[in-house]
Amino acid sequence: MTIGIGLVGYGYWGPNLFRNFRNNADCRVIGIADKKVETREHIAAAFSDILAFEDVEMLIALPGVDAVVVATPVASHYDIARRALDAGKHVLLEKPMCATSDEASDLIERAKRKSLVLMVDHTFLFTGAVQMIKELVARSALGQVCYFDSLRVNLGLFQPDVNCLWDLAPHDLSIINYLIDDELIDVEASGYCHVNQVAPDMVYLTLHFRKNCIAHLNLSWMSPVKIRRFTIGGTEKMLVWDDLDEDQKIKIYSSGIHFQPEEQRSMIIPQYRIGDIHSPRLRKTEALNGVAEHFADVIQGKVPSIMAGNEGLKIVRTLELAQARLDNNLERVRSQRDKPL
Amino acid sequence: MTIGIGLVGYGYWGPNLFRNFRNNADCRVIGIADKKVETREHIAAAFSDILAFEDVEMLIALPGVDAVVVATPVASHYDIARRALDAGKHVLLEKPMCATSDEASDLIERAKRKSLVLMVDHTFLFTGAVQMIKELVARSALGQVCYFDSLRVNLGLFQPDVNCLWDLAPHDLSIINYLIDDELIDVEASGYCHVNQVAPDMVYLTLHFRKNCIAHLNLSWMSPVKIRRFTIGGTEKMLVWDDLDEDQKIKIYSSGIHFQPEEQRSMIIPQYRIGDIHSPRLRKTEALNGVAEHFADVIQGKVPSIMAGNEGLKIVRTLELAQARLDNNLERVRSQRDKPL
Amino acid sequence: MTIGIGLVGYGYWGPNLFRNFRNNADCRVIGIADKKVETREHIAAAFSDILAFEDVEMLIALPGVDAVVVATPVASHYDIARRALDAGKHVLLEKPMCATSDEASDLIERAKRKSLVLMVDHTFLFTGAVQMIKELVARSALGQVCYFDSLRVNLGLFQPDVNCLWDLAPHDLSIINYLIDDELIDVEASGYCHVNQVAPDMVYLTLHFRKNCIAHLNLSWMSPVKIRRFTIGGTEKMLVWDDLDEDQKIKIYSSGIHFQPEEQRSMIIPQYRIGDIHSPRLRKTEALNGVAEHFADVIQGKVPSIMAGNEGLKIVRTLELAQARLDNNLERVRSQRDKPL
Amino acid sequence: MTIGIGLVGYGYWGPNLFRNFRNNADCRVIGIADKKVETREHIAAAFSDILAFEDVEMLIALPGVDAVVVATPVASHYDIARRALDAGKHVLLEKPMCATSDEASDLIERAKRKSLVLMVDHTFLFTGAVQMIKELVARSALGQVCYFDSLRVNLGLFQPDVNCLWDLAPHDLSIINYLIDDELIDVEASGYCHVNQVAPDMVYLTLHFRKNCIAHLNLSWMSPVKIRRFTIGGTEKMLVWDDLDEDQKIKIYSSGIHFQPEEQRSMIIPQYRIGDIHSPRLRKTEALNGVAEHFADVIQGKVPSIMAGNEGLKIVRTLELAQARLDNNLERVRSQRDKPL
């Protein structure tokens, strides 16, 4: 049975979702809703078989629409998703899932009541790189994971409705949550607002997990160079994923962190195994294609979801916690700055 | 007049200091003190004109010794420097200057009383890269400096008497202090102890300065790759200094952070100027040679010091503050971790 | 007046030509001819306004078709282009222009007789990189150009109807001819056939030009890594164009070849100026879009062609000469190899 | 028994040889001969235990000198080596071995007659990289070696007594000869003289070997960037050695050239295995230290020489052949250039 797709929002990311769902054999895109008249005209001219709506309700109400894919600003996610779920439609939301954890919880509850699929598009989970890393971590090829270190910086693009934290951190959080099964016990956050006093454009996060694992995220819209560099330190091996390196996206270093027995730790100089570097070949298929396929598979009951609503909620909760810490720190620094010399 | 040099400590860094002071026309190395007998035997065999001592006092007491250069573990800095100053000898200390700010203050006071030169070897200040950056910042070529971001990571080497913070941060702190004239108003520090429970091996620092400038330092002994990457964001241009890139150590990006007038900041989308990249050619002389020359010049009254004792003290104070914040955070996280689930 | 476009061949490159001509305001793509029935069915399904033909003649004969764009294997170029020109249609041919210089000359003659535009798609000329280099060379920013050195290697792709020379060399030859106005006086060619005994898969060319300029091309289908590296040595500056470097495609080195006066050359040690590196920002528009625009502009008489038929002919002649030298060398080596030890 | 070493020539390379032989436990450097008086004065001042001579004969004649190491301009190699051999001393010559193959043959004959060791310092053979590659090739880890491709370019340094061919090619020739046991059957050479009309500063060599192997060398003193990139294509794997890449000097690509059976080669499209990349960790000891050790070991009869005089002769013969081809080509091009248009 083909799944009828209604797409809400045809701005920056919408066309990519459209293209991938259109190419998916299990899905058929029926209509698109977008507030801009020029966008609707463009859709009508380019795709004779696609209905274009101004009103989201009309799209949701279409009998052929089984699932609604939402690629609008985050502030509108909750309202659109709620209506779709209440109308009995499955929902795929862009990241971050919602503006608040309350919204996210409410959607999860509604989806559960109606046995509908609620999913968040954390696209990175479907890249060849993350799939490869997941496989390595799952079979303990790196040993025990000790730390994550992410450098995710670029110049712009400022989004009107999110700050740098909400824009960039969901990528790392979804990846870390996917890779390890651990409980976050503490978040530290600092940052700075260079351009817009209310929206940080550089954010530094330190996340502490229960099982002796730490994650540090350096997020910035202010870097002259785009960098996407994600390092994992393990007791057996370390891994560097440079997403912009076409030739060697992933390098596995045969150097692990060698732990000493607990009682000797304080007096023994650590030893490192230094060894070879290995760069596995990665799958080159488009990640978003995997998202569309996974959404269809979950709706059809073929597989359990790896990015269900509760995963999205977990990330929104971490963002809220980080934002609170960040606000607190920014405020303390501001008050320090205003003190007389 | 030639300056007679006595060198204390001939371990890892001492031989480099020896070589550079020996090559300096204004200095003459007279003797070396080192506790290891094999080291003293090696010195005696290799350099017939150099006296080797076990006892630091004897070296300091030599009439021909005008200045004492100290390359011993940091715990011994204060004691050796104090004796040298009290004996009327100028002093050059390796970084970090002392184990505590009290020690550093006391040395400054003693040097002042006897009008002696007290200096700290922050070698990086004499690299072609930092000299070039200083010149650019001094003539406002980057505009107003908005942020520093340093990635200073490698695998090992654990030093027995310092942790990762005291080992690596002095480099960045000395460079930042040299480049901008600003007041530190807040320090945040997080980190982790993987190998040795009392000595952090990964440390993240966020430094806030009074004039709207922020610095972030990612310091680690746990990275599979050595990285020395220092970024400066300015209102006119941004600069990346990759100290391991032989071909292009410094890249200047013609992209600046474009500030909006205060009242418009919250509503206007920022604009970036994206432009060319320029890599200036750098001087290739050895930095430590510049240190020796500078020490001699300051003793001879030719130039004021750019790394005097008060600079060293400032850095030790920052390290103490960061260490206190780090300890506090590590403790909070530990107590979180020990809570029942 | 809109130019009606008929496209012949919708395989690897055809879809790119289609997309760019379709997006060009001065052109309207009317029909496509392709021998494969599945391709024609795909076109019919995807683009309701495009006619699909099996027979090229029918496409050419369409009254609305003013110009024919040919993206078929090179063996068929001459026949299709001849029919189009004889029918009074302008022609854009993929590179290399024809299988022989006789074919190319004949087409030029036919186009001239009917005052039709005959052009070859040397796409690289419309990249931001080549446009920037052309501008630099035109205003002698590099001084006098002394040499070109091209490394154009990758793994596969074997084309059924051309060898590595005819596949890769046209790129470099079109760029060199575009950059300098000089006469080729000698070609040396060596190479090797690893996989297919009649088609070289590694070719080395040395081209000598009249005005003291030399070019060396290292072309290979056998390299484990893709490299597109083009170096220009000038008397004032040198330039490296690395087409796969997204951050710094072009680096200009402030180091020139310093000539001695003729009479002193043999005895004086040369001097190099070593200086800064500069990476200009490049235009990021798609090169093929520029090709479509240029073809339309030339048809409309707005500009003279920078890649007219005679440019294509010049390149085919060089390829023929190089192939002859290559065959000769391969034969000599083969006979050497067959000699008894 | 310690081997007494006499070193001739203390210019650019001599000090490196001195340091490594001085550190070798089996050797003792007794004296150095150099024509420059300042050099001799420097040696006398710095090393009280080393005798410095103007006259090579006096050094050779010293009873304690068992072996003579020659680091003078190539034109003087023959004369010095001949005298040393005739005086019964072992000889290590810098590369290239001699100015002519006749000279080299004569030295080999003299060494043989007196059962003396005659060796050429092809330092690269003792690098961790070449040792690793030799080991891989020896156990056929790359499959059958199909090609070598070397890019060995930099800016300057012009040597007064050799051209770019004789300066740079010996490195590649010694490495190739060390790696494969094959017979050279043809050499093609082209190049250019930019600065000095009699000495080519850019040279391109194509070497054909009997067993279906080809080597291409791109040698230049005219490149704005220094590159040392050596590629080996095998039927199982390909290897890239970038000697300036500190992190990954050697990359092994799991992609081999897949041969078709002879009778099918002309019609079948080749297939490539594309796979992982592996960078083995290399030994980091100084190569020249290995040369000193090897020279001592061969003199002491512990191992056979891997860079004996006949290896040096083989390389000089190839250089002579290449020079003849190069001269021929340069002459033909010059006569073409002088023809009226």
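Labels A, B, C and D are assigned to the chains in the order they are written; within every chain, residues are numbered from 1.
Throughout what follows, a contact is a pair of C-beta atoms (placed from the backbone, for glycine too) under 8 Å apart; a residue touches a chain by one contact, two chains touch by 3 or more.
Predicted model, so just to flag it, every value in this text is computed and none were measured.
Using the contact threshold fixed earlier, the set of chains in contact with both subunit A and subunit B is C, D. Distance from the centre of subunit C peaks at B, each centre being the average of the chain's Cα atoms.
Subunit A and subunit D have CA centres that are 54 Å apart. One simple way to say how far apart two chains are is to compare their mean CA positions; for subunit C and subunit D this gives 39 Å.
One simple way to say how far apart two chains are is to compare their mean CA positions; for subunit B and subunit D this gives 42 Å.
Touching of two or more other chains is recorded for residues 225, 247, 274 of subunit D.
Subunit B meets subunit C in the complex at residues 247-248, 254, 274-281. Considering their complex, residues 48, 225, 244, 246-247 of subunit D touch subunit B. For subunit A in complex with subunit B, the touching residues are 146-147, 149, 151, 155-156, 158, 160, 183, 185-186, 188, 190-192, 194-198, 201-202, 204, 206, 208, 210, 212, 214, 216, 218, 220, 222-225, 231, 233, 238-240, 251, 253, 255, 257-260, 265-266, 268-270, 272, 274, 329, 332-333, 336-337, 339, 341.
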